[in-house]
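Input: structures, listed below.
The following pair of complexes shares a single chain, chain A, combined with chain B in the former and chain C in the latter.
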Partner chain A sequence: TPRHATPSIPSRSAPARKPGNVLEEARARLHVSSVPESLPCREQEFQDIYNFVESKVIDGTGGCMYISGVPGTGKTATVHEVIRSLQQASEQDEIPQFRFIEINGMKMTDPHQAYVQILQKLTDQKATPDHAAALLEKRFSAPAPKKETTVLLVDELDLLWTRKQNVMYNLFDWPTRRNARLVVLTIANTMDLPERIMINRVASRLGLTRMSFQPYTFKQLQQIITSRLNRVKAFEEDALQLVSRKVAALSGDARRCLDICRRATEICEHSAGLQKGSGLVAMSHVMETLDEMFSSSYITAIRCASLQEQLFLRAVIAEFRRLGLEEATFQQVFVQHQALCRVEGLQPASVSEGLAVCQRLGSCRLLLLEGSRLDLLLRIRLNVSQDDVLYALKAD
Partner chain B sequence: MTSKRKSTALTEAQCVSLAQKILRERLCQQRLPEQPVGLESQYRHLLELLKRTAVHGESNSVLIVGPRGAGKTMLLGCVLRELMNLKEVLKNVLQVELNGLLQTDDKIALKEITRQLHLENVVGDKVFGSFAENLAFLLEALKSGDKSRSRPVLFILDEFDLFAHHKNQTLLYNLLDVSQSAQAPVAVVGLTCRLDVLELLEKRVKSRFSHRQIHLLNPLSFTQYVEAVGSQLSLPQDFPHPKFCDEWNRSVTKLCEDKSVEELLRRQFNSSKDFRSLYMLLFLAVIRVSPSHSTLRESDLLEASRLISADSKANILHGLSVLELCLIIAMKHLNDTYDGEPFNFQMVHNEFTKFIQRKSHTIHKFEKPVVMKAFEHLVELEMVRAVDSATGKVQREYQLMRLMLEHGQVMEALQKYPQCPTDVKQWALSAFA
Partner chain C sequence: MQCAGYPEDKLRSLADRLPCRETQVTTLLSLMGEPDQYSYPSIFIYGHRATGKSHVVFSVMKDLELPYTFVDCVECVSPALLFHRVLLAFFGPDAAASLPRCPSLSDFVRLYKQMSSKTPATQTRFIILDRAERTRDMDFSLLPALLRLQELVSDNVTVILLSQVVWEKFRPNTGCFEPLLFHFPDYNKADLVQILSRDHHPSYTPELYASYINILLGVFFSVCRDLRELRHLAALNFPKFCEPLEKGEAKESDIHKLWRNIEPHLQRAMQTVYLREVSSMQWKEQQMDEKETTTPRGLSAHAHIELPYYSKFLLIAAYLASFNPARTDRRFFLKSHGKIKKTNFLKKHEKTSNHLLGPKPFPLDRLLAIFYSVVDSRVAPTASIFSQIMSLVSLQLLTQIGHDDQLDAPKYKCAVSMDFILAISRTVNFDAVKYLYDFL
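For the complex of A and B:
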């Protein structure tokens, strides 16, 4: 890598087009990336984290906090918001100065790279992982320069697991040093991560300051969308409610909710192009979107399969029924397949053709197959429920 | 050369070779068609999506899912061709193409991305720095970008499901994370044939994916299929020899209406609807055209279909010696009597000697080593396979084996076997040997 390279993406010759109509405006606002200034429905969590960090910064002590919750519940965004408002506060001299550093377990190739990234962000030095660990150890054992607190955010904590757990141990041990003035905020998905994967001396250093983010309820999701749209009138009230209820029932993931809304505006735009409609996203558009994003495609795939493929699926089920098992070898299924061919008045397929049909179904995962080297003896299982197959085959 | 061709009339032979050249390009080299057939809504969806990334700088992610040979790459190719024809797009978009079969781990994929983006740590064609440095550099570059000013990047991930098998799915996480945060605008397009691809993704990776899937499942009817055959085989209007072109196209139309050809196409259609296997069939027919018969005839198609649908094991059986055939019959009998239980060489040999002693007058008695050799030959051809692969522990004679042939295949092979001795045939037919 060149010494003083500034990594960048080349810029475009003409700037990007600005949103033209209401729907495009709504779509830009609904994009997951346009995070609002303050997150709605996370006021309590915001306050808790804020108080924790603020008190540590003011006292000049260190500490750890563990934040958990399923993906898409606003963990990282809330922490960022906390840091933003703390930075504002420190600019107005309400609280002492502090530094903010962020690392993400998924954005490094190996847990030990964490040392390298922390060191680089702290002091702009480049070092090997071992050297960086030693330097950081020295830095946090000695009194902090300028008596400045460092706030370290560790996202995707579970990826920092190593067999000896020394990376995690160090991360949680440094704040306990007398003059280190380090606050570590850790984020992961599972609530019981400390108990599950950490050995005792690591878990005890992490401490008991924990917080969990609950999945969003439908009311909260609705509020999030409304606040994002911010008086841009693009959705009917019922349509919003349907989206949020549907997502809340499944996962409570805000990202999913926003993506569905965005897709619904596209569908609305397209159908408005065909017939001059109201231009508002209606119930029908949302229904269509939900259908598209949630429905499994297995049934359509079976309906669109060729006749031999459909017969083969039928033969698989017939053989399962005969054996009373959920597994059969190709040889057994093939006998049924040939019988079915005769019943349907088709010319029976040869073994090679039968195998090809079977492999095609296996490659799109309607069937689960063993390796094709086993030839006649390869075992077949269904990847869909028998009822789905029968339903798909019956309806036409 | 071409002007000369236009001025002087082409000879028959030249016409044939030119026609073959055109059709070969169409059938084998997967030339992009003018317009994808039967995929209008998917085409529009994808085009709109990529256009928004290119023009408005909106980040997106999408998966194109469909069985093999359903035209995923063709669809994407057509969309990109149209996209790049727009003036405001052409010089404003960067394109990165990755393939799961080539970029088998994140390290290689990352180098490839850096190389294709011409980032600053690329010198010539080489990428410098370690894996960790490369990742940090790329993420830094993408982070420094911004929605309205930096060029959008189209990431095309062919064989997307293989990327899901990389360690921690780091690459997918980072690409999708960029697409969901305010950084350089990117569009991540994945192509896969697995319907259950979303189940492969980790929870946090899945949450960052926008769950847009474009399914290419073709609900083609048989008449549409035959139409497609007709249009694939006909020559374009700008063919330099109009008379030959007319004659050819007329013969193709006639061919499509022919009863036996229809039956053949119906059979192909029933076994699989994908176009790649159809093109293989048509290709085999087209290469049989020669100056001596300059138009496609039904016999060409019939011959091509015979070549394609031949059973591979039946072909091997035809090449066996009589002794090997006898062993296979013995094994078939063992399978019948003991209901598919595995057998060893000794049992087969006993069965075979019983036959020789009682019935056969044409096959003279072979020594045991000779029979063993024939048996080993069958093992090499994988007509017979060991039950457990613990070789070396058990003597060859006593290793348990299974026959890898269907009952019907053996009988059919016997019918067609050239000059098969009558008593062997009778032995095969008799239920109790």
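For the complex of A and C:
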């Protein structure tokens, strides 16, 4: 085998099918991985990051920026967008040349692998983490007059945490060197991450250049979907509004929103096969999708459970009421269970059957159980609220 | 016994070899089905000690010449040994040698698949795990994987788990594939008579041996239903039973006379051999030498050890400190005590018998105070006294509580029985019972 082979995956024998109808077209456009031409509703954030990086590149200095926000608010996409437009600008010689490298904390088995990946992306060298750290240290502290600026994007920063925090420390310390010319953009989910997990000398090096991405409002979500669809008419207006309002009320996660829209097109396609509709995604389809994706599966699980399992859950609640605690041993619950069996006119279950019922509920996580070795003495807690159980049991 | 797919004559000989287990053998065979059919992925067989679980499964496998591997889980300190044994039995030493040094479950499954695609199973392969309760302590994914091994390796393989523990104590919290549960019931008295009578002595009639077994079970059945133990006792005591016949004092028909002869002997055996106070060898020798009039000194009769003079007093003092409430010390050990009566000044928990609750910890000062009070002569607190305390600890006659400080006020507990203390106090002419609050 060649020594420096580029890894590749086998290509498919026939090219991927082009979308045939409107719904398929919409689905392809709504896919989370299809990057849009521009990011709507993030103009301000885009401008801020752009100005920050541009000024550092032009000045030839270094710096850090911390970007936070809940998942699905467009942090990584915005940074990528910024880099893309900066690269365009540098190609047109408006700003000096710079290099962009990216690492992701979640793609590493160990925080110290960050050194190895940075070194490999910078110089194509392979080294052990310790050696890579030494090489990088030398590279960033040695004076080099014609060095170009490096922009380093660190995604999922919280996973680079180590006990001594030396990885984070180095990442934030290199930009402060006079000759480093390193711009570090860090992304994480929580806003107070520097205060929470970083020791003072790391947090102070990270600096106060912070930016937080707010969750999308329903108008923004609606705008995102419309811009994604780009005049492909697949959704009714009301349906779009319902999706964006629902998602905005819960999390403001754009990825979630896109997923729901895609699922709604699938449901629409399926039901169009059964009966001739308008071919557009209507409110009813969206409602069905929302039910599918947001409703709690616990209640369905309780409703579909066998009679003995439902009786057992009832016995658990009865025992909790009797004890006034949220915890009981199997022995206590089983006595209640047998009493309930008699009330219902069923043959009382044996201990092994009762334990089997209990452990089955435990394996679907409706109950929280201790190890099965304790048999009669194993403690039982409910994993769902008592009201949910009662609602699920009563509804029939 | 009728079962399709297996030769008649082998089944018949199997039925002869496994008395009182016909139903279990038939059920097992019908669970296994014909050799080329797929069997149920896992069977869990449980029952008490010596109910023939391993024996039945082992003889079925061996007599019917099925491909099987028998693994005792106690031997498998790591799952690697189990994997090694399975591969060795099914695919030969080459497959077993190609296991990596520390094989994971996925290594095993991959290798098994690879091998079984080369030599696919023509008959159901059986993996028999004896004392399967040990698998719970190994890797947590091992037991669920073994239960659905058939599905994982897509080969005609069945895992049979043998255990004395019920299945409820096995089930992992995340759920698993449920095996077929199969119970082996205990032998009843008639079964035991039937099984034990099979190994009769060639020089006597089977009827005599059967009556001997009846007498033996009459004595032992109420305390022991373990076939192995009973068989051992039967073999051990049979020469004694035959003694009157050999001497010509009785005939084979005089069952009552033989019973009168053997019954006290068996009663004594229950207290000595059965509790392993006397080893079987010693018991046999005693029967040879006809010395059974002198009661044999068993292991527990040897329970007193020779100690130095002051160590004995130290141990007695420790015992008194452990089993007396500290408030009663003044009454017992001050020279000018008045009348000692059980009074009401003790707290409630101190009034319940301390011998039921076990020994209580006491500080070193109290031990020494009691020690000086019980020893009549003047003893200097020399280094040897203190080192004797430490050597009592190292002999495990005392235990040190709370290892926080070795020098500053260490606490101890007395760890010997009352009989031991009474034996010791007799040697130094000290009446320990007089000083025990429980026996006042």
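The rule we apply is simple: the second predicted complex is superposed on the first by the 391 of 396 C-alpha atoms of A that agree within 3 Å, B and C clash if a C-alpha of one lies under 4 Å from a C-alpha of the other, contacts with A are read in each partner's own complex, and residues count from 1 in each chain.
Just so we're on the same page, contacts are C-beta pairs under 8 Å (C-beta built on N, C-alpha and C of every residue); 3 or more make two chains touch, one makes a residue touch a chain.
These numbers come from a predicted model, not from an experiment.
Applying the stated contact rule after C-alpha superposition, one finds that A:360 touches each of chain B and chain C. Contacts of A:352 after superposition: both chain B and chain C are touched. With both structures placed on the common chain, the touch criterion links A:297 to chain B but leaves chain C unconnected.
By the touch criterion defined above, A:372 reaches chain C but does not reach chain B. Between chain B and chain C, more residues of chain A are touched by B. In the superposition on chain A, contact is made by A:253 with chain B only, not with chain C. In the superposition on chain A, A:113 contacts chain B only, with no contact to chain C. Residues 351-352, 356, 360, 363-364, 375 of chain A lie at the contact with chain B in one complex and at the contact with chain C in the other.
The residues of chain A lying in touch with chain B in their complex are 1-2, 5-17, 19, 24, 27-28, 31-35, 70-72, 106-110, 113, 116-117, 156, 159, 189, 253, 255-256, 259-260, 262-263, 266, 270, 292-293, 297-298, 300-301, 303-309, 331, 334, 338, 346-347, 349-353, 356-357, 360, 363-366, 375-377, 383. Residues 44, 48, 55-59, 65, 67-68, 88, 91-92, 94, 106, 117, 119-121, 128-129, 131-133, 135-142, 144-145, 147-153, 168, 170, 173-174, 177, 180-185, 193-196, 203-204, 206-208, 210-213, 215, 217-219, 267, 269-274, 309-314, 382, 385, 402, 404-406, 408-409 of chain B touch chain A in their complex. The touching residues of chain C, counted against chain A in their complex, run 136, 166-175. Within the complex formed with chain C, the chain A residues making contact are 351-352, 355-356, 359-360, 362-364, 369, 371-373, 375.
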